[in-house]
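In what follows, chain A forms one complex with chain B and a second complex with chain C.
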Partner chain A sequence: MAILEVQNLTYTYGSDAIFIKDAVSDVSFSIDEGEIVGIIGHTGSGKSTLVQHLNGLLKPTNGKIFIEDNNIWDNPKEIRKIRSKVGLVFQYPEYQLFEETVFSDIAFGPKNMGLQGEELEKRVIETCEIIGVKQEYLQKSPFDLSGGEKRRVAIAGVMAMRPKIIVFDEPTAGLDPKGRQDIMEIIYNYRKATNATVIIISHSMEDMAILADKLLVMNMGSLVMFDTTENVFKNGDKLREMGLNVPIVTRIFDVLKQKGLNVPDDVFTVERAVEVLKKLKDGERNA
Partner chain B sequence: MDNIIEVRNAVYEYVDEDVVKRAVDNVSFSIERGSFTVILGHNGSGKSTLAKLLNGLLKPTDGDIFVDGINTKDEETEIEVKRKVGMVFQNPDNQLVASVVEEDVAFGPENLGLHPSVIRKRVDDALNSVGMYEYRESTPHRLSGGQKQRIAIAGIIAMEPSCLILDEPTAMLDPKGRKEIVSTLRKLNKEKGITVVLITHYMEEAEKADRVMVMNDGVIIDDNTPKEIFKKVEVLKSVGLSVPQTTELLYALKQNGFNISTDVLSVEETANAIAYCLEEE
Partner chain C sequence: MLRDITFGQYIETKSPIHKADPRVKMVLLILVVVLIFLAQSMYGLLLSLAFVSMVVLVTKIPLKTYLKNLKAVLPIILLTSIINMFYGDNDSGVLLEVWKLTITYGGLYRAVFMALRIVLLIIVSSSLTYTTTPNDLTDGIEHLLSPLKFIGLKSAVHTLALMMTIALRFIPTLVEEAEKIMNAQKARGADLESGSIIERIKALIPILIPLLISSVRRAYELAEAMECRCYNGGEGKTRMKQLKLTSVDFKIMAVTLIYGVAVVLINIIL
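This part shows the complex of A and B:
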């Protein structure tokens, strides 16, 4: 069942006639409950503008957004309520930490939703367990943590509201490989614990190959592809035209194919590559 | 050998919550003039502190660092060290000062008190060398991250340093911006002979370096050619780094009983190695 439906969304910025520009142009798609959807597209393709519509931060110039079949702009005064349903984790969310302790920072969102006392405490602790923030950190100042830890706390603050849809705008930007892997695991664990729908903007095709069920491809403000990760990555040429690419293993397999090797065209992860090559090797031995 | 930088038993300590911590722990090495060196390490490994030691922004708690024979501790020659070793940081937005690209690039040379015609020439040359000359009259904030970072590099180049140190210059950029920076650095190194020390956690950027140093817990744990470094998949993973997916695949194949060479890096080479290995079977 679709939890999110976007119909003919257009967002135009600039008021002077000469500077008017569509950042997002006539975009329609729907996402089912529990899906993990990756949004890819080069810088300036409209990805961030698109996701800022999903929790009502931006109001569409044209078009509609439905969350659980309700048009989010039916009652503009109630738009804030949508933010507990759709959590948005910005780029570099650690810049938004502001409370005195880690606990208060994580508790800020759920508190605004009306949680108090034991219930609030339980919510914060549960969230910390999901994302691996240690209990002894709760009374520390968030500003004493390392960069990677700060980012986790900031993400926990959004997750603590238990949004049904959680949107991440480049959650791993600026992190080292270990930090990137940690964040991907947190997202995976949160989704497993809550069955939330996850939307994630990323530049890493390798990460998307492992994590995403579907990929939504943006180019110059338009949606150009929305399909299973497998089907999108089968369109390497089309992606390259837009300045994007397929995962590195897939590029290796493209070269193998050109060399005349009989390999399938659905190899997007190292795991699958090893499986395919093992079969090929054993097959040749038997032949 | 002609070394531009000599690091001898450098230690850097700081106090955090009354505890003395060592960010750089007795490190010694030298950087050859005209070389391209990559320093890899995860966040908190001490690589940024090391970078700041190399151009005298920080002074070692113990040990010595020499730039062109000058000790960075020597206060009288402090400015000279900073002129010889230019530094570029992670966030381009924090490094741009003017509202017009060429004025931003001119900021450094103007402070050197040079003649306007010399400044003009230096700014034009610097912008050309990073491929941003046609944007000289643009506003920096309207440019992409990669373009802004190239302007920041041009600003340093215009000071004509012999060595360029870059502390994760690509961490905040998208893949396209990252490529722009790495190819700009390669060009500056090859064509202008500028010594480059690139600090990063992206292994792909180390692929074509002359030399790769790996840092962990304030210590240099490995120092070799990229090919030799990338062979050590387990070591790199154990210090929080990852290898490019090409190496990861070859390594996984080897573990699965393939008799395959793992010392190749590019997509092309990896495919060749796999094809060759399958033929041999």
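This part shows the complex of A and C:
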């Protein structure tokens, strides 16, 4: 069942005649419940503008957005309710921390939804379990944490609202490899715990290959491809034209293929690569 | 919403006034403001109107843009004129009498006079910010303040000018940052649009604290970047763009002086 449906979404920047520019033009797609969808595209391709429509931060110039079959702009006064259904984690979310303790910062979102007392406390603690923030951290100031920890807490602040759809705008930007992996695990764990639908903007094709069921490719404000991750990554040339690429491992296998090795063209993750190479080695041994 | 805050309203039209030296423009602006106040008679004011109209024409910036600036001070203009309306001398003939208040022809004249004077002041002042980039403005201020060096404030002048330049430079950055933070908090269900005044002020805390923290962080980063490039204060620093008086400046000075002499003459003769 489609939990999110976007119909002919167009967003135009600037009211002055000089600055008019379509940041997003005529984009339509629908996402099923529980799917993990990656959004990839060159810088300035309209990814961030697109996701800010999903929770009603931006109002489309044209087109409609349906969450669970309800047009979100049917009742503009109720738009805040959409924000607890669709959580949006911005780039560098650690810059939005403001409370005195980690606990109250994570509680800010659910509190705005009307949660109180024990229920609120339970919600915060549950969220911490999902993302792996230790209990003793809850009374610390968020500003005493390390960069990676701050980001976890900030992400927890959105997750604590238990959105059915959660959108991440480059969640791993500026983190070291360990930090990136941690964030990816958090996203995976949240989905496992809540069966939420996940949308991730990322520049890391490797992360997308591991995590995403489907990929949505944006170029100059338009939707170019929306297909399963395998099908999108099979179009390497088309992606390269738009300043994107396929995972490194796939590039290696392309070269192997050109050198005359008989390898399949659906190798997108290191795991799969190991599997294929092992098979190849066994085959040689048998021959 | 935040984008409406325009600071440094520079508009490029390549007019002679744009090319003029900021120091000249600033000194002349002060002179013109004084002259507009000096013009006590209707003739003096009409002359000022002619002068300001000429400035507007020369800048090639549409009158509409100038009038936009008036909107904000409209209450002040109205209040001044209304109060002045009741202060005319009674011999000029009574126009209207309501209860204990009388409006005379003289009062009405005063009201119009005052309103026109404020309008002229605002238009001529905005012509400076329209035609001068914020950087040129601070450059000019630094030069104009340079006499302070002689009373023991040697480095203060440069430091002050630098602070102003940095402040101006970071206004758009901070506006952008504030918008980002607002969106992030809205995404967490923050309600910025409804509630009582106290609730609304409270709702600003989640925006102001991160904004303050990021400003401090930016300040540290900027200081580090400047030190890495061996910045160590203003002593002996030369500039890339030297301010120099050109023929345009002398022409503008001449026209303004003619206007000034005329205003003074009108005051003496009438």
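Here is the rule we use: the second predicted complex is superposed on the first by the 287 of 287 C-alpha atoms of A that agree within 3 Å, B and C clash if a C-alpha of one lies under 4 Å from a C-alpha of the other, contacts with A are read in each partner's own complex, and residues count from 1 in each chain.
By definition in this document, a residue touches a chain if its C-beta (ideal position, glycine included) is under 8 Å from a C-beta of that chain, and two chains touch if they have at least 3 such contacts.
These numbers were taken from a predicted model, which means no experiment stands behind them.
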Next on the checklist: With both complexes superposed on chain A, which partner does A:F143 reach: first (chain B), second (chain C), both or neither?
Outcome noted: second
### Query
In the superposed arrangement, does A:K238 touch chain B (first), chain C (second), both or neither?
neither
Chain A contact check, chain B vs chain C, more residues touched by chain B
### Message
Output check: A:R80 vs chain B and chain C. Expected answer is one of first, second, both, neither. What do you get?
### Response
second
Request  = Figure out whether A:M113 sits in contact with chain B (first) or chain C (second), or with both, or with neither.
outcome  = second
**Message:** Contact-wise, after the overlay, does A:F98 reach chain B, chain C, both or neither (first, second, both, neither)?
**Reply:** second
Once the structures are superposed on A, label A:D176 by its partner contacts, choosing first (chain B), second (chain C), both or neither.
-> first
Which superposed partner A:L280 touches (first chain B, second chain C, both, neither): first
In chain A, both chain B and chain C touch residues none
Listed in rising order, the residues of chain A that touch chain C in the complex are 52, 55, 57, 80, 83-84, 87-90, 93, 95-98, 108-109, 112-113, 143, 157-158, 161
Touching chain A in the complex, chain C uses residues 180-181, 183-191, 205-206, 209-210, 213-214
Counting only contacts in the complex, chain A reaches chain B at residues 42-44, 144, 146-148, 173-179, 181, 203, 206, 243, 245, 247-249, 251-253, 255-256, 259, 261, 270-271, 273-274, 277-278, 280-281, 284-285
Seen from chain B, its contact residues with chain A in the complex are 17, 42-44, 90, 144-145, 171-172, 174-177, 201, 240-242, 244-246, 248-249, 252-253, 256, 258, 267-268, 270-271, 274-275, 278, 281
